[in-house]
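Here come two complexes built around chain A, the first alongside chain B, the second alongside chain C.
Let's turn to the complex of A and B:
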């Protein structure tokens, strides 16, 4: 599989944002450890134009940019990591 | 934003459902497996700050929640932010799997909660800034809140984990099981607390010693009813050591003043006698010894300092440590120098200060206590000296037979 590119949109370093970041980092290090995984954090308070361009309605919003198709997830991203991977159309480690 | 009647055309024939969904204060959004908006009600457009036209068929996002509910930050087009509570259930839309997202705007709720937390934090900041150890007890005597000074004092005084004085501990039970030196006092405290709780007493107060190995400490415990809807008690412990020491110093000063006045009266009598009998060759000087003869004053202070040390040695049980003969000699010496009781008080104060400089607090206290007795004894010897001279018994004074006044 090609490189996995994830963009996480947050609104400031709130507790919710920190939890979502921690969840994604954990998934990148474990469930997706065998893939090249790029996680970019976009704080819409610092970069409001990004929220406008990507039509972000609420945060945390996670966008899987690569591999296609683009998928967009909203919520705290908690729970079973396999559910999040399924929602992202990403297979776990082979 | 264009008006929105709350339903997509696909369900327009279900009037009853349409009314319920449209009237809901919660935002309702149906998203398909791509996270695309397939349906939403009026409340959802309000919460998201966008028109239905802007939202329909747009990607909202596929919801993934760790629990039943999740909080999300709402981003409005005008740059304003809110907080939303999101819940999700699986559903079907036009025969395909979908997610029904309900959104509730909890921005105001969060703001009020934050304001309450800020107010509470402010109140606690005040309570923690007091130099008073505070605990709040419920009606059964269980500690339900304490301030930081209470915690710090407990940690520094034998209860590092707050096992006996922390939140959750029953203060009444602690008092009931007190034993040894504190048993009787603890019973009084328990009775006092119950009396305040039952309204038989408006306040219960107790002053008690709580000395540490290195310093003398006194505290006042006060128990007052908890004002408000809940029944309970507020227990405070205030360190009153300084006030107590000041009160003791004031009391000692008053006693010394009284004694001084008595000795002055006696000296006036002696002087009057000496004038009649021409025995005492000169008037007792009105100029303080410290000013008219500083070296003699300094010598007297040094002797007094040494005698204070002797007195402390006697207090510790060292044999042969007796300051009396030294005091008698000092009294005679001062008499020869025409010293007054005021000079004696100045020598006493300077001697205690000199001895106490750099000494630990307990030793300073011991100097004060010994000095209080010594100064009166020295005054007695001085008065005896003058009396003896006035009565023409100088020979008896010289052989040391004069008794203190």
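Let's turn to the complex of A and C:
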């Protein structure tokens, strides 16, 4: 089974950042409960070099590293989780 | 409350000429908006702002929203800026915010540009940069498609940069040369200092100008100034008004190369003056320029000749015909002849290259033969700016300049050249054909000699293998300058003579 790797870039613990984190945790626990889900949170204030390497402009930015194709979504990911999953092309097709 | 002007410090940009028109440089610690249409050299300005800083030991951060760093490194290399080398030394850092090819933008919910701000701050702190350039804003607006958000976020970045004590340049697009300052209302957040670059098409010729629209709370030169973008240098602004004011003038006289001409001018030309010699084709303008330089060489002075009409061979042959050996003068290091066709480059570039020739050769005398050829290759406005720029440059160097100008008609007449530059020159000498009883003769007069008395008569002159010979005044003819000759009978001369008997008591023949 494919492992799902998600990187979330935030700039400090803002309201938007907390909302994005909460949304991601929720889909990992529910909609993607059958998959191995790795969520890494990068605070660009602490690690600006990470933002430089990935050329991040906006926060929050979510990058789906695995499985391919790589997807990039900006925003606090609020609202309907189905929209987010569709944009991420998740769950992966068996 | 009265604002203290001295509190607004300047940061000299190091862009040649720009600091003149900016009265010292950009307001330090603020963000200046540089707006212009496509192709107006905004990116060059932004890069040069950093490059000039690096040459003064100040590190810089370049935030690119549009071109990829690799493209910028390559494009800017032609201006002599080795960005890759500076990057290796941590003196130049890119914050790459250019579009990535895999960058398919999906937006869900709200966001800010906190990551961009963090990257800029990181780059500034890492290098100790004092200058930041951001190029160009429009690209951000088209990519993020949310003008209000981009405006707010860029304002936040501008405020943060200011708090760090950075002087910044941010470029923005204009859709037209005149009208709103920039698209997307960006002037709302960097409205304090605005510079506009223009790339105009006038009479089918490209003309670049720079205008400082405002520096809030402080001074700058008003109006637009021409500039050019040249290899190995980048932007060079031609600061007309700023340089005009500082000329000194000398009362030292130098010889024109013709004793009689010196006498007519009240003892020769002034050492740092500009002499305009105007006449129809074949009246002897090139001869005057040649004798002017030959006289310099006899005194061990160097002369620089810019020839725009005749080839080097022609010039040397002409000189030999008048008994002047240009080749010998060249061998002695007393003469340098620069021939080119004015149509090849714009006048702004021409000016820069002439200035560098002058600076390298350091002549005491400069001759330009002829200005009219340059005038034909440009717009009237550019031409006037060119002459002002060149003239003040020459005067600063304490050199004498002799310009020739060709009148379009054989008899009488004046040229547009004269109309536009006569006030700039110190002396004007007119050479004219005179039709006298079915014969073409030549006459000359000193029309103007700033700061000195001069001979006001129209004298006949001849040209032979030894040069120019100035003779007696024309007595029985009037209307030479207008070309509408009237031959006067002796009785008429008598009558006029009685009417205009001057104080010296000399009666006309």
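As a working rule, the second predicted complex is superposed on the first by the 90 of 94 C-alpha atoms of A that agree within 3 Å, B and C clash if a C-alpha of one lies under 4 Å from a C-alpha of the other, contacts with A are read in each partner's own complex, and residues count from 1 in each chain.
The working rule: a contact is a pair of C-beta atoms (placed from the backbone, for glycine too) under 8 Å apart; a residue touches a chain by one contact, two chains touch by 3 or more.
Keep in mind the model is a prediction, meaning the values are calculated, not measured.
**Student:** Assess the superposed three-chain arrangement around chain A: do chain B and chain C clash, or do they fit?
**Tutor:** Clash: chain B and chain C overlap once superposed on chain A.
**Student:** Taking the superposition as given, does A:49 touch the first partner, chain B, the second, chain C, both, or neither?
**Tutor:** A:49: touches chain C, not chain B.
**Student:** When the two structures are overlaid on chain A, which partner does A:84 contact: first (chain B), second (chain C), both, or neither?
**Tutor:** Both partners.
**Student:** Could you look at A:67 and tell me whether it touches chain B, chain C, both or neither (first, second, both, neither)?
**Tutor:** Neither partner.
**Student:** Between chain B (first) and chain C (second), which, if any, makes contact with A:75: first, second, both or neither?
**Tutor:** both
**Student:** With the two structures laid over each other on chain A, which partner does A:57 touch: chain B (first), chain C (second), both, or neither?
**Tutor:** both
**Student:** Residues of chain A that sit at the chain B interface in one complex and at the chain C interface in the other, please.
**Tutor:** Common interface on chain A, chain B vs chain C: 10-12, 14, 16, 44, 48, 51-52, 55-61, 71-79, 83-84, 87.
**Student:** For the complex, which residues does chain A have touching chain B?
**Tutor:** Checking each residue of chain A against chain B gives 10-12, 14, 16, 44, 48, 51-52, 55-61, 71-79, 83-84, 87.
**Student:** So in the complex, the part of chain B that touches chain A is made up of which residues?
**Tutor:** 34-35, 48, 50, 55, 58-67, 70-75, 77, 79, 81, 84, 86, 88
**Student:** What residues on chain A touch chain C, complex-wise?
**Tutor:** By the definition above, chain A touches chain C via 9-12, 14, 16, 19-20, 44-45, 48-49, 51-52, 55-61, 70-79, 83-84, 87.
**Student:** Would you tell me which residues of chain C are touching chain A in their complex?
**Tutor:** 95-97, 100, 102-119, 121-123, 144
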